[in-house]
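Both of the next two complexes hold chain A, though its partner changes from chain B to chain C.
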Partner chain A sequence: MKLNIEKRELSALTTMVYRAASTKNTIPYLSGLLLQLSHDKGLTMTATDMEIGIRASTTNVDVIEEGTVLVNANYLADFIKLLPDTLISMELNTSNSKLNINYGRSSGNINIYRELEYPELPIQKMDFRFSIPQNILKEALRKTVFAAAANHFRQVFTGVLFDILEDGLLKIVASDTHRLAYYTYQMDSKPAPFKFVIPVRTVHELLRFLDDSDNLINIAISDNNVIFYQDEFLLLSRLIEGQYPNYETVIPANFISNLSINAHTLANSLERAKIMPTDDRFKIQPVQLAMQENELLINSYSEAMGEIVEIIEDISIEGEKELKIVFNTNYFLEAVKVFDQECENIIIDFSGSFAPAVLKNPEKDNYLYILVPMRTNN
Partner chain B sequence: MEDTAKSVQELKVLIRELILEIGELKERVTILEREKTPPAAYNEKHDKLDIIKLQGEGYERLGQLYNDGYHVCPANFGYSREGDCLFCLALILKE
Partner chain C sequence: MDRVILHSDLNNFYASVECLYRPEIRHKPVAVCGDPAARQGIVLAKNYPAKATGIKTGEAIWQARQKCPGLVVVPPNFPLYLRFAHLAREIYADYTDQIEPFGLDEAWLDVTGSREICGDGVKIADEIRERIKFEMGVTASVGVSYNKIFAKLGSDMKKPDATTVITHDNFKELVWPLPAGDLLYVGRATQRKLARRGINSIGDIAQSPPEYLKSFLGKWGEVLWSFANGNDHSPVTRISEAALIKSVGNSITTPRDLENDADVEMVFYVLSESVAARLRKHGLKCRTAQIHIRDNSLFSFDAQGKFLEPTHLSSDLAEKAMELFRAQYGWARPIRSLGVRGCNLVTAENNEQLCLFADEEKRLKQEKVEATVDVLRHRFGHLSIQRAVLLQDTDFRTINPQEDHVIHPVGFFKPGKLP
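Entry: the complex of A and B
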């Protein structure tokens, strides 16, 4: 195997793929990055830890001699990233089983693994289901993934649900049971109804390469896996098993009041509230919202550190004018930041001090964030 | 295979009965504590329990279980919970 490639091209490809490799040493070849070089496909890189797998390729490479080589993914990625911005030459030396990397007058070499042991990605029996513009998928995942649980005894809560309904409506949902993010998109096509849940890690890997173009990305599934793919990129992920609970039931339908407030002002106020340290008796840091006739009081308190009381006057309230409610500051702020990126004002619908509240964009109805309040005696 | 499924089902029933029994025991402990606790402290605790509006006998039981710190939603039924759960509240607050 022998090739010449620009450092930027090589680094972009390596960075995209290497994170799928295993960081554990239990099965050495799973920590490897497979490089395949051919005249028709150019340079293809593959990495998998059997939970996710990423394959990407580039034709912006000068293929001198076809071949395949397996090297340690993390080491290669770190090394490539630090190389000077120049033409890189890579060549497999079969006599000493090393991959030589030449850059200018300097060079390095990396030991190779036996690539014969490397597993094939299980993508042969995938069933194509639908395509979706990249920018839509990116927006949907960005707005939902943070609501999924880091750990939960029900695995489905550690993932993001794709729910495709009969009329071609796609619902993307994530929840840790204390909050729920809900995004809908009407597809042009009408695939057969089905649903699946992908792990949070898969979502983060997808978000790393999705861009803001409306180029389509294809989605195909098998019994245990899903792939997201385009011409030169493929991401395979295992699916999370288990039935996702009926999320529609948690979306409140009746409200006693709604608050309209500038999203940026609220985000700034919550950022300040968030720096208040969490008291030992609370596991989480709370912030209290107290609506009065024409103003909103935002209060955060710490026995150890002090108190912040902020008053925001530029608000409007419909329905009951007075209400006190306490939220997990971080859960509240994460959602407000999402809205701050897309709308000037945010609407918060309340059903009471102890009932879930709904955050939404007054100009778009395709995204909701439902947040359960905290119960405190103060 | 059928026997195993039956045993699992019986075990699930037993677990639910135990959870209900624990709930009842906690209720009795609460009553005993109330007799020994100054009224102000009791009122504070009582207010907290009243937060969940209970409707009908079945919901009262669920509300009690929920207030005792267990999930009552189908996905997590019987597991102890940390903080409030949207899915449980949807069930309890349902009109």
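Entry: the complex of A and C
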């Protein structure tokens, strides 16, 4: 194998792929990155830890001699990232089983693994289902993934749900049972209804690749896996098994009170509330909202630090004017920040002090955030 | 501005309560001791006459008897002590809501905000002592200071029934001569390390360079140095004595061996009802359920599972127990004994994150039902209301695991963790 390639091109490829490789040393070749070079396909890189797999390729490469080589993904990626911005030539030295990497008059050589054991990505029996513009998928995932649980004994809550309904309506949902983020998108095509849940890690890898263009990305699935792919990129992920609970029924429909408040003001206020340290015995830092006439009182308290009471005057309330409700500060802030990026005012619908509240953009109805309050003594 | 922290210590707590209920032994040396048959035959507490003979907490009963031939040994009555701890707490609560219990017999109170209404720290301390003596019939020593560490040292200085004030001006005379081992967190091992370097009193610790202490005690060295100099800013946390309970469980060796799922289910319901009622009584909920299974060859094991949200409902506990049981037990042998335990406890009504996928209304209804059952049983006895499932078998129906039960608070022998 022998090739010449610009550093920037090479580095873009390795950074995209190397994180799929395993960081554990139990099965050595899974920590490897597979480089395949051919005249018609250019340079292709693949890495997988059997949970997730990424393959990316480029034709912006000068192929001198075809071949395949497997090297440690981390070593290669770290090395290439730090190389000077110049033309790089790579060559497999069969006599000492090393991959030579030459840059200018300098060079490095990296140990290679036996590539014959490297597993094929199981992408043969995948059924194409639908395509979606990259920017839409990026927005949907960015706005939902944070609501998924880092850890939950019901596995489905550690993933993001793709729910494709009858008429080409796609719903992307994530929840940790205390909050739920809900994004809807009407597709042009009308694929058969189906649903699947992908792990949070997959979403984060996907977000690293997706850009703001409206180029389509394709989605195909098999029994256990899903792939997101384009011409020169493919991401394969295991699906999370299990039944996702019926989320539609938990979205409240009747409200007693609607609050409209400047998203930026609220975000700033919650940022201050968030610096309150969490008292040992609670594990969760609460923030209390109290609406009275046309003011909102935001109160946060901690034994170790003290108390912050803020009054936001510039709000409007429809319905019940007086209401007290307590939220997990972090869950609340994370959502408010999302809205702060896209709208000036945010609408919060309440249906009681102990009932879920709904956050939404007054101008758009394709995204909802449902937040369940906390029950406290005071 | 300085805080005003009180540390109240009920003198010879267990022994004082026992003497209160048995006037005939009041003037004799008395020791509250565990049950020798259960291999817990050690001294838990003693009164002043017993103390005078040199008996120490933690000694075996026979050692104590050697020192004091006429020693009266009484068994502990934990529910009674818990009740007294609760009574003391109610007195404290008249002066502040910032109360942090430390074991059953000690508590810190932050009365900084109460001085306008109740008078200064000493006045409050004296009043609390008077009330404990008059209303409860036992005595307390109270330390008054500007931090928790000195307040605790203060309560140890004069006993019984006394108030000690430690201020910025007098702490060097009062605290520094005390042996290093009196300081919180200086255990036997630390004391030895200090003594080896000629550091014997709290004053020695205070006057050693903190870097030096750190060099052989690690980061605790700096903490101890701060404590010895009165630099302790840890807040008095509002925790209930219920928070000292770590888990609530019941187990039973059944009147006959259990043969099938239906038997097991009945026993789980009996046990879960008791566990749930006790959780409710203490205002607690559990996040995790644990079951204990012992078969008739005396092989035993545990299994545990989490709840979607904290619960104190018997139906939740029994269902989870059954779910765990079905997943874990293959009926290789009949079962001799079963246990159900709620662990990972949270205070029931305090900052509880509600859940989206649980049926909140149904749960509230269920809570009302079980609370009603508690009331009925309290008034008309345990057997006045029973689950239908238990009517199938008279062997299990009459079991009432709740009645005969001892609660072991955390920090019974060693004090709880300081935040």
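We take it that the second predicted complex is superposed on the first by the 378 of 378 C-alpha atoms of A that agree within 3 Å, B and C clash if a C-alpha of one lies under 4 Å from a C-alpha of the other, contacts with A are read in each partner's own complex, and residues count from 1 in each chain.
Note that a contact is a pair of C-beta atoms (placed from the backbone, for glycine too) under 8 Å apart; a residue touches a chain by one contact, two chains touch by 3 or more.
What you are looking at is a predicted structure, and each value in this text was computed from that prediction instead of being measured.
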Q: Put chain B and chain C onto chain A via the superposition and say whether they clash or fit.
A: clash
Q.
Looking at A:L180, would you say it contacts chain B, chain C, both, or neither? Reply first, second, both or neither.
A. both
Q. Is A:F153 in contact with chain B, with chain C, with both, or with neither (first, second, both, neither)?
A. both
Q | Partner chain in contact with A:P356 - chain B first, chain C second, else both or neither | A | both
(Q) A:A304 in the overlay: touching chain B, chain C, both, or neither? Say first, second, both or neither. (A) second
Q.
Just checking: does A:I370 make contact with chain B only, chain C only, both, or neither of them? Give me first, second, both or neither.
A. both
Q) Of the two partner chains, chain B (first) and chain C (second), which one does A:P245 touch, if any: first, second, both, or neither? A) both
Q: For A:P286, select first, second, both or neither according to whether it touches chain B, chain C, the two together, or no partner.
A: second
Q | Stretch of chain C, among 168-176, 276-284, 294-302 or 402-410, that runs into chain B once the two complexes are superposed | A | 276-284
(Q) By the touch definition above, which chain A residues appear in both interfaces, chain B in one complex and chain C in the other? (A) 153-154, 175, 177-180, 245, 250, 284, 328, 354-356, 370, 372-375, 377
**Q.** Touching residues (chain side chain A, partner chain B) in the complex
**A.** 153-154, 156, 175, 177-180, 243, 245, 249-250, 254, 283-284, 328, 354-356, 370, 372-375, 377
**Q.** Of chain A, residues touching chain C in the complex
**A.** 153-154, 175, 177-180, 245, 250, 279-282, 284, 286, 303-304, 326, 328, 354-356, 370, 372-377
Q) What residues on chain B touch chain A, complex-wise? A) 44, 47-48, 51-52, 73-76, 79, 81-87, 89-91, 93-95
Q: Provide the residue numbers of chain C that touch chain A in the complex, in ascending order.
A: 235, 237-239, 243, 305-306, 308-309, 347, 349-357, 360, 419
